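Please find the structures below.
Two complexes are shown next, each including chain A; its partner changes from chain B in the first to chain C in the second.
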Partner chain A sequence: MSLRQSMSGLHTWGGLLPSWLLFVIFFAGSLACFDKELERWMRPALHQPGVASLTADQVRDWLHERAPNAHAWWMRPPSEREPFWWAGWEPEEGAEFQRFALDASSGEVLTDTVGGMFFFTLHYELHAGMLGMYIVAIAAMAMLIALVSGVIIHRRIFKDFFTLRPAANGQRAWLDAHNLFGVLGLPFHLLIAYTGLVIFVVFYMPAGLKVAYQDDFGALFRESTGYFERGEVGRPAGPPASLDTLLTDARQRWGGGEPGWISVHYPYDEAAVVDLRNWVSSRVTDFQWTLSYDASSGELLHEQKPYGAGYQTQSWLTGLHMAQFGGTPVRLLYLLLGLAGCAMLVGGLRVWLAKREARGGYGIGLVRALNGAVIGGLPLASLALLWGNRLLPAGLAERSRAEAMVFVGAWLLVALWAVRRQGSGRLGRDLYVVGAVLALGLPVLNALTSSQGHLGATLARGDWALAGIDLSLLGVGLLCALLGWRHRQPGEVHQAGRRESRRLAEEGV
Partner chain B sequence: MLWLSFALGYLALTALCLAMNRHHKALLGGEPSPTRRRGLRLGAAVAMLLALVLCIAAQGGEIGAVIWLCQLMVSGWLLVGLLAWRQRWALSMAALLPLGSGLFALLG
Partner chain C sequence: MTTRTALTRLDTAARVLAALFGGYAVVYAATAFLSVYLPLARADRVIFAGLACFVLYAGLFIYAFAARSAVRVWLVFAGLGVMLGLAAFLPSEFGVRP
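Now for the complex of A and B:
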C-alpha cells in the first residue's frame, strides 16, 4: 500500500468519526468570538447605554455582605464590550466560582442568564468539565491528523486552488467545496487546532508537572508566571484600604491601560492581598502586569515581572487562539474563518455520503441522521436558546439552568426529527424552514422585549455590537428561507457518472 | 486602511488566479503569454506585500501580520465564490474593491 493510499484511508475514517464533534467545537468557537456581544444581547437591561457610577469599593462591600469568609473575591469593572460589573467569590480554594453580573449604576444583580459564555464553555469543554476538555483535545489531535493526511492525499492543491464547480454532480461539487475550505483556510485550521492544544498542554502532558513540581499546579503557575502569593496568618483583618485609590495608583504604574480582573484573597485575614491586573488588547500575549497590594495598608507588595521565554511562548500561542487582541476586525475574521472550518467539515461529510450513495455502502443512514442531528441541530438549538433567553420569566428560579434546558431540549427534538426523516429527502427543507422562522423571529422578539435594543434604536445611535447581532440573524434567516425554497422538492440522490467516479477514484478520494 | 489591505489581498489572489491557464481562459479568453504570467505573479507579490505593510501600519507588526493572513484567506473565498456563481463580477470586483476602499481610506 502506498503512502497516499494509507493516508487516504486514515483521512476518510479518521476524519469522518470526529467530524460531528469538531463541528460542535468549531461552531461554538466561532460564536464565542462575539461572546461578550451575545452576552449583552441576552441582558436587555444593558441595551440602554448608562453611566457607570458603581465604584470598586461598593462592589467589595457587596461581596463582603454576601461572602465574608470566602477564600477569594473576584470583580471586573465595566468595559466597552461588557458595560457591567462582574462580581463573585471562590467559597474555598479551587471551589466552583459563584459569579453575578451587577448593574454598573444601581449595583443591582442583573437577571440570571447563561449569557454568551455558554458558547465559550461549549467550545472548550462541552460543559463537561475536565472530561470535556480531554474529549476536545482528542478531537483537536484528530483534526491535526486529518489536516496533514489531507494535504498528503490531495494531488491538485495548487491546480485546483481556485476551483469550485457547484454545477457539477454532487460528489465533485462537495469535494471541491471541501478542498477549497480546507486548502485556502489551511493556515488558520493548523494554527487553531495546534494553539487550542497548547492552552491546556500542562493537563494533557502532565509528566513534567508530576516530576518537577510533585503535581502541585499552584507551584508551577507561580514559578512560570511570577505571580505573588503570601499565606494567611490567622489574625482578623483590619479596616480595608480603598480599592479605588489602589486602582488610581495602579493606572499610574501601568502608564495607561485599564484594570481587568481584581481579586482579594482571604479578605478576612490580616495578610489579605489585593491583586490588580492590567487588561490589554493591543498585544497578542495577555501579560497582566499584576500589582499586589496589602489589603489594609495599601502598600505595594509585589509587581509582576514580564514572563520568561517559556511561558511567554505559551502565552503568545494561547493569545493567538483566544483572539482578544485587535478588536472587531480580528474577531470578525476569526468568526468567518471558523465558519469556513464548519463548511470544510460539512463538505467532507457530504463527499463521504455522495460517494457511498452512488454505489451503496454501510452506515449511510447513520451518517445522514447524524448530519441532520448535529449540523442542523446545533445551530437550531443555539437559536432556540436565544428565544428561551427572552421568553423565560425574569424571576424564574435557576433561570440559566432553564435556558440550558431549552438548548438541550431543542437539540434533542431536532435529533429525533433527523432520525425519523432520514432518507426521506425532506429533512434539509424542514430544518431550513425552522431555521428561517427562528432566526427571522429573533429581531422581532428583541424589539418586543427590549425598548432600547431593537434595530431602530441601535442603528440610530450607532450601537453596532447589538445591531450586528440582529442584522446577522436577519441575514441567516433570509439565507435559510432561500435554501428552504430551493429544497422545496424532495432531494434526489445524485448518480455519479461512470467517468467522473473513475476520475475521482484516481485522485484518491 | 484594513479595507484597503483586504482589497489588495483580493487583487493579489485574482492576479495569481489569472496567471493560471484555466482561469485566464475562462475570464479573459486564450492562454496567457509567459511574460504576462510572470507579470501577473509579480504584481500579486507586490499587492500582497503592500497589503502586509498597510496591516502593519494600522495595527503593528504582531497583530497586523495576523490580520493580513486572515484577510488573504477570506478574500480567497470571496474570489472563488464569485468565480463559481458570478464569474463576471470577479474581475470588476478586483477593480472596484481597491478603488472603493482606497477612497474610503482617503476620506475616512
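Now for the complex of A and C:
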C-alpha cells in the first residue's frame, strides 16, 4: 500500500469519528470569540451605558458579608467589554468558584444567566469538568492527525485552493468545499489544535512533572510562573487595608496599567494576602505582573517577575489560542476562521456520505442522523438559549440552570427530529426554516425586552458590540431563509455519475 | 479472499492499537527523557518537553499507518519506549536537578 493510500484510510476514518465532537468544539469556540459581547447581550441591565461608581472596598465588603470563611475572594473591576464587577469566592481550596455579576453603580446582583461564558465552557470542557477536558483533548489530537494526513493525501494543495465546482455532482462539489475551507484555514487549524492542547499540557502528558518534580504540581507552578504564596498562621485577621489605596499604588508601579483579577486569600487569617494582577490586552502574553500585599498592613510582599523562557513560550501559545489580544479585528478573524473549520468538517462529512450514497455502504443512516442532530442541532439550540435568556422570568430560582435546560431540550428535539426524518430529503429545509424564524426573531425580541438594547438605540449611539450581535443574527436568519427557499423541493438522494466516482476513486479519495 | 480480508483487518487493528496506546507510551517516555536531559533549568525542561510531545505523538501516529507492517510498528515502538524510558527513569538524581 502506498503512503497516500494508507493515509487516506487514516484521514477518512480518523477524521469521520471525531467530526461531530469537533464541530461542537469549533462552533462553540467560534461563538466564544465574542463571549463577553454575548454576555452583555444576555444581560439587558447592561445595555444602557452607566457610570461605574462601585469601589473595590465596597465589593470586598459585599464578599465579606456573604462568605467570611471562604478560602479566597475574587473580583474583577469593570472594563469596556465587561461593564460590571465580577465577584465570587472559592469556598475551599480547589472547590467550585461561586460567581456573581454586580451592577457597577448600584452594586446589586444582576439577573442570573449562563451568559456568553456558556459557549466558552462548552468549547473547552463540554460542561463535563475534567472528563470533558480530556475528551476535548482527544478530539484536538485527532484533528491534528487528520490535518497532517489530509495534507499528505492532498496532491494539488495549491491548485485546489482556487477550485470550486458547485454545479458538479454531490461528491465532487463537497470535496471541493472540504478542500477549499481546509486549505484556506489550514495554518489556523494547525495552530488552534496545537495551541489548544498546549494550554493543559501537564494534565495530558504528566511525564515531565513526574520525573523532574516527583508529581509536585505546586512546585512546577511556582517555579514557572513566579507565583507568591504564604501559608495561613491560624490567628484572626486584623482590620483590612483599603483595596482602593492598594490599587492606586499598583497602578503607579505598573506605569499606569489597569487591574484585572483581584484576589484575597484566606481573608479571615492574619496572614491574608491581596494579589493585584495587571491586565494587558495589547500583548499576546500577559504575565500579569502580580503584586502581593499584606491584606491588613498594605505592605508590598512580592512583585512577580516576567516568566522564564519555558512558561513564556507556553503562555504565548496559550495567548494565541485565547485571542484576548488585538481587539475586535483579531476576534473577528478567529470567528471567521473557526467557522471555516466548521465548514470544512461539514464538507468532509458530506464527502463521506455522497461517496457511499452513490455506491452503498454501512452507516449511511447513522451518519445522516448525526449530521442533522449535531450540525443542525447545536446552532438551533444556541439560538433557543438566547430566546430562553429573554423569555424566562427574571426572578426564577436557578434561572441559569433553566436556560441550560432550554438549550439541552431544544438540542434533543432537533436530534429526535433528525433521526425521524433522516433520508426524507426534507430535513435540511425544515432546519433552515426553524433557524430563520429563531434568528430573525431575536433582534425583535431584543427590541421588545430591552429599551436601550435594540438596533435603533445601539446604532444611534455607535454601540457596535451589541448592534453587531443583532446584525449578525439578522444576517444568519436571512441566510437560513434563503437556503430554506432553495431547498423547498424535497432533495433527491444524490446519484453521482459513475464515471466521476471512478475518477475520484483513481485519485485516491 | 476471506482470509486476506481477515488478515487486513487484524493488521489495521494492530496499527490502531499501536498508534493509540503504544504511541502514547513512547511519547510518555520521550517527554520524560527530554524533561531529564534537555540542557535547561528544570521548569523549562518540563515545559519544552511538553510542548514537543503533541508533535511527536502526531508523527508516531502517522508512522503507525505508514510503516510496512504492524509488527514493525510494534517493534519500533517497544524499542524506542524501553530505551527512552530506562534512560529517563533510571538516574533519579539527575532529573530533579534545578
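The working rule: the second predicted complex is superposed on the first by the 507 of 509 C-alpha atoms of A that agree within 3 Å, B and C clash if a C-alpha of one lies under 4 Å from a C-alpha of the other, contacts with A are read in each partner's own complex, and residues count from 1 in each chain.
Here is the rule we use: a contact is a pair of C-beta atoms (placed from the backbone, for glycine too) under 8 Å apart; a residue touches a chain by one contact, two chains touch by 3 or more.
Values in this document were obtained by computation on a predicted structure and should not be read as measured data.
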{"item": "Joint occupancy of chain A by chain B and chain C, clash or fit", "value": "fit"}
{"item": "Which superposed partner A:M205 touches (first chain B, second chain C, both, neither)", "value": "second"}
{"item": "Which of chain B and chain C A:L197 touches, first, second, both or neither", "value": "second"}
{"item": "Touched partner set for A:L180, first chain B, second chain C, both or neither", "value": "first"}
{"item": "Partner chain(s) touched by A:L10 [first = chain B, second = chain C, both, neither]", "value": "second"}
{"item": "Partner chain in contact with A:V148 - chain B first, chain C second, else both or neither", "value": "second"}
{"item": "Chain C, chain A and chain B - angle at the middle CA centre, rounded to the nearest 10 degrees", "value": "90"}
{"item": "Partner chain(s) touched by A:S53 [first = chain B, second = chain C, both, neither]", "value": "neither"}
{"item": "Partner chain in contact with A:S282 - chain B first, chain C second, else both or neither", "value": "first"}
{"item": "Per-residue contact with chain A, leading partner among chain C and chain B", "value": "C"}
{"item": "Partner chain(s) touched by A:G308 [first = chain B, second = chain C, both, neither]", "value": "second"}
{"item": "Contacts of A:S451 with chain B and chain C, given as first, second, both or neither", "value": "neither"}
{"item": "Least Cα gap, in Å, left between chain B and chain C after the two complexes are fitted on chain A", "value": "20"}
{"item": "Contact residues of chain A, present in both the chain B and the chain C interface", "value": "none"}
{"item": "Footprint of chain B on chain A - complex, ascending", "value": "159, 161-166, 180-181, 184-185, 187-188, 282-284, 320, 325-326, 329-330, 333-334, 336-337, 340"}
{"item": "Interfacial residue positions of chain C with respect to chain A in the complex", "value": "12, 27-29, 31-32, 34-36, 40-51, 53-55, 57-58, 61-62, 65-66, 88-89, 95-96"}
{"item": "Chain A to chain C touching residues, read off their complex", "value": "3, 6-7, 9-10, 141, 144-145, 148-149, 152, 194, 197-198, 201-202, 205, 207-214, 220, 223-224, 308-311, 313-314, 317"}
{"item": "Interface residues, chain B side, partner chain A - complex", "value": "2, 13, 16-17, 20, 23, 59-60, 62-63, 66-67, 69-71, 73-74, 76-77, 79-81, 83-85"}
